[in-house]
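You will see chain A twice below: alongside chain B first, and alongside chain C after that.
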Partner chain A sequence: MLKINNLSSRYAQVKVLNKVTLKVKEGEILGLLGRNGAGKSTLLKSIMGLVEVVSGSISLDENILSEQQAHNIPKYGIGYVPQGRRLFPELMVEENLKMGLLVRDSSTDVLDWVLSLFPLLKSRMKQKSGTLSGGEQQMVATARALCLQPKYLLMDEPSEGLMPSMTETILETVEKLKTENVGILLVEQKIEGTLRVSDRIVFMENGSISEESDPQKLAENPESLMKYVGVKARY
Partner chain B sequence: MSTWLNDNGPLLFLALLDGTVTAFVLALIALGLSLVFGVMRIVNVAHGELFMLGAVLSWFAFDLTNDPLWGFLTALVLAPVIVGSIAIFSDRFILRKISYHPESTIVATIGLLYVIQQLTLMFFGPEVRPVEAPFYFRIQFPWFGYSGYKLLVAGMSALCLSGVWLLMKRSKLGLYMRATQQDIEIAKTFGVPTQKIYASVFALGGGLAALAGVLVVPIRQADHLMGLEPLLLSFIVVIIGGLGSIRGTIVAAFIIGISDGIISVFYEPTLAKMLATLLVAMVLVLKPGGLYGEDQA
Partner chain C sequence: MRKNSLNHSLLFQGGILMLLFLLQFILPTYHHSSVSKIMLLASYAIGYNFLLGYTGLMSLGHAMFFSSGMYSMGLGIYYLELSPLNGVIFSASFSLMVSLIFGLFALRTSGVSFLIVTLMFGQTFYLSILYFNEFTFGHDGFSLAKYLGSFVIFGKEYLFSNPDIRYNFALLLLTSYLLITTFILLSPVGRILIAIRENESRTQLLGYNVFYYKLFALVLSGTFSGVAGAMHGLLFSYIGTTFAEIHHSISPLLWTLLGGAGTVIGPLFGTGIMYYLIDFISEITKNYLLVVGIVLILMIIWFPLGIMGSVRRKWLKWLP
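== the complex of A and B ==
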């Protein structure tokens, strides 16, 4: 289980997260919703060791990640799909995927599995990743993280700026990963898809978790959606 | 035209040979500077001093062994190792302490320049010291004989450049260096120990400069002030080629080296330097990113 316990963290002088507590189980999809600036990305970066933790802890099973240096964290099996994709733009697709494979010395079987999820990438392997379309880049960003065979996958707004059909592909991938027992922390702005695939939903506001719910409840009782993300979900 | 070639052909050939040797050595020095800037985003003003240390260490090895060949071989191994260690030490205790902040690192490496230069002056003295070439043979062309050692210098430099190219393109370390260069934060989230990568890049940059110093010293002697000119020329090469690009660095080193050879032989060295400076100004105005920008290929 991936546990975030009473976590507060900050950038230099700016405190952003305030006592966040959260759990993601294996094979569970947790949707994390909240307005811009709520601290969603900061939470994911804190898990990856990129933001200074002031107090509280992050642990995976019996390992305390918040005591580790950033570069050791992915080795425990945590894959990160950052907001805005952030591929290594001058590296070929192949080399971006290699970065994922090297984290835990994954075999080429893993690469085959990842490419079976994104068959389109097979024909793009030698292309500089910075020259791909937005949708293709998102596939590479997801594929790169999957190459380290993650037990948990942190996805930060994977559908941002993509066509609906691409968003659909990503959601399908998320559902497939669930059947492989990967735990997923999914940060999204697109409410409907998130409600469809998630097992649970948490809302963030001003650096704190303000409410926990599940898609069922939210469907019957959409006030929270109005309150924390300012939209009405349509069914 | 043909009479000009008849009269000046041999001289032109000599200029091209000299220019090629200069170009290869310059490429080696500038590549170190360029890698350090590319990956670590810092301008190492002390880079020329690392070259100077290579040359001076080579003189020590020559003096110690009292044998040009053994001295050369010893220096070839030891100088890059010693200078690389100094670089790792500087990275750990100076650059890391100031968080690689761009402006602070310029000031800090200027400090490092003076420390290395003055320490060398203290231990080595102000003399200009010649070092014998490891062997002596001349390659006889129809018009003149040419130093075999100079050609060896060009060949070994070419070998090192290819080595660095392979390292960057084919090895895990090289992949990690390029990934760190492009996005250090994301590199960390893929298990790259970026601190160690920085140390390795700084050591590699220093090692290349030192190696160039060892190669060059039998041609141009050793003294504690010899770091300045290669530093300036490296800056010129790196600005023209585009910071952080291996290909750009090598192409620019050839433009500068060959034109320096030709102009120095037919006119005078000062003019060559003036034209190089003019070329930099032109590149800065017309293509501020350099010929090869950040393609880092």
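== the complex of A and C ==
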């Protein structure tokens, strides 16, 4: 289980997260919602060791991740799909994916499994990733993180800037990963899709967890959605 | 490793090296010597390019590596009476050590800070050579000619200053650098280095310790530069502070940018073009640097990725 216990973290002198406590089970999809600046992306970056942890801890099973350097965290089984994809544009799709495989000496079976989730990429393997469309780049970014065979996948606004059909493809993949027992921490702005695929929803406000809710209940009683993200969802 | 890319690269580079080998039989004496020098300096630029072109770290202190190789070889022969071969091995070890120590400090920084740190280290090394002038012979430098002796190949005796020896040793160094660089860059390590250049934090988040990879690139770059400096000292029999000055750090940067940073063969083209450009224009005017500057600006406008970088983008996509 991925446990975040009383976590506070900061950028330089600015405290961004304040005593955040969360648990994510394997195979569970946790949707993280909140307004811009609420601390959602910072929480993911803190888990990945990119933001200085002031107090509290992050652990995966028996391992304390908050004591590790950033480059060691993927080796414990945490994959990260950052906002804005951040591919290696000069490398081919195949090379981008192999960058993920090399870290954990994963076999080509893993690559086959990843490509079965994103069949479109099979025909793009020799193409430089910088020349792909936004949706295809998002697929590569997600596929590359999956090449690490993660137990948990942290996804930061995977549908950002994508057309609806591509967003749907990404969300379908998230649902497929749930069946593969991959736990997912999903930060999203597309509320309807997030409510549909998530098992639990957590709202963040001013760097803290404000409320935890059931997606079904939120759809029926969208007051929290109005309060924390300022929209009503069509569900 | 990308086999197609490797095969194409080896054929392409093999063709250029074969051309360089054959040129020695037809070139007049002056150009024969010039091409020898270009090949040595291009080897230095290949070392420089390994850092700039494949990890994105720009240095203004590479003259330190070049001169550390040159001085360790020269002083080793002068004071320790090393053989030329042992002198080169000693210089390789010394420049490796210098670049390792330098890297452990300098790689704590990045971007402009890294540039400034490299500049400071380079200048410190240069001033140290001048400060310890009783040991290093300061500004005057020293000639190695009478300490090098001769050596025998196929029963025939040669001097290091022999133009044919100079040419072929320079060609040998260039060939080995091109081969080593190509193999590394087309291996998984090379892909990781390119990934660091493209997006360092993303590479780290995939689980790679980018510090060690950058240190590897810097040490290889520094050692390549050091051995190039040692070979320059050996083949031209002169060790001097000119090679530790700041302009000798800027030169490989310009050669690399002109030829194409991040292309294996680019530094050879950049060095050759720049060498002959300066050579040609300085015959015409004393203000040759002004003209060279204008020509360089025009070339960068026409070839923003450098000559071979542009060639790769337009035609030879497999070029490493």
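Structural remarks
Throughout what follows, the second predicted complex is superposed on the first by the 234 of 235 C-alpha atoms of A that agree within 3 Å, B and C clash if a C-alpha of one lies under 4 Å from a C-alpha of the other, contacts with A are read in each partner's own complex, and residues count from 1 in each chain.
One rule holds for everything that comes next: contacts are C-beta pairs under 8 Å (C-beta built on N, C-alpha and C of every residue); 3 or more make two chains touch, one makes a residue touch a chain.
What you see is a predicted model; the values in this text were computed from it and never measured.
Legend: residue contacts after superposition of the two complexes on their common chain; A:M163 is shown touching neither chain B nor chain C.
Once the two complexes are overlaid on the shared chain, A:L120 sits clear of chain B and of chain C alike. When the two structures are aligned on the shared chain, A:M1 is found in touch with neither chain B nor chain C.
Judged by the touch definition given at the top, the superposed model places A:M99 against both chain B and chain C. Once chain A of one complex is fitted onto chain A of the other, the partner contacts of A:R86 extend to both chain B and chain C. In the superposition on chain A, chain A positions 48, 50, 69-75, 80, 82, 86, 88-91, 95, 98-100, 102-104, 144, 148 are in contact with chain B in one complex as well as with chain C in the other. The touching residues of chain C, counted against chain A in their complex, run 188, 191-192, 194-195, 198-199, 201-210.
Here chain A touches chain B in the complex through residues 48-50, 69-75, 80, 82, 86, 88-91, 95, 98-100, 102-104, 144, 148, going by the rule given at the top. On the side of chain A, the complex with chain C involves touching residues 48, 50, 69-75, 80, 82, 86-91, 95, 98-100, 102-104, 144, 148.
Within the complex, the chain B residues that touch chain A are 172, 175, 178-179, 182-183, 185-194, 294-297.
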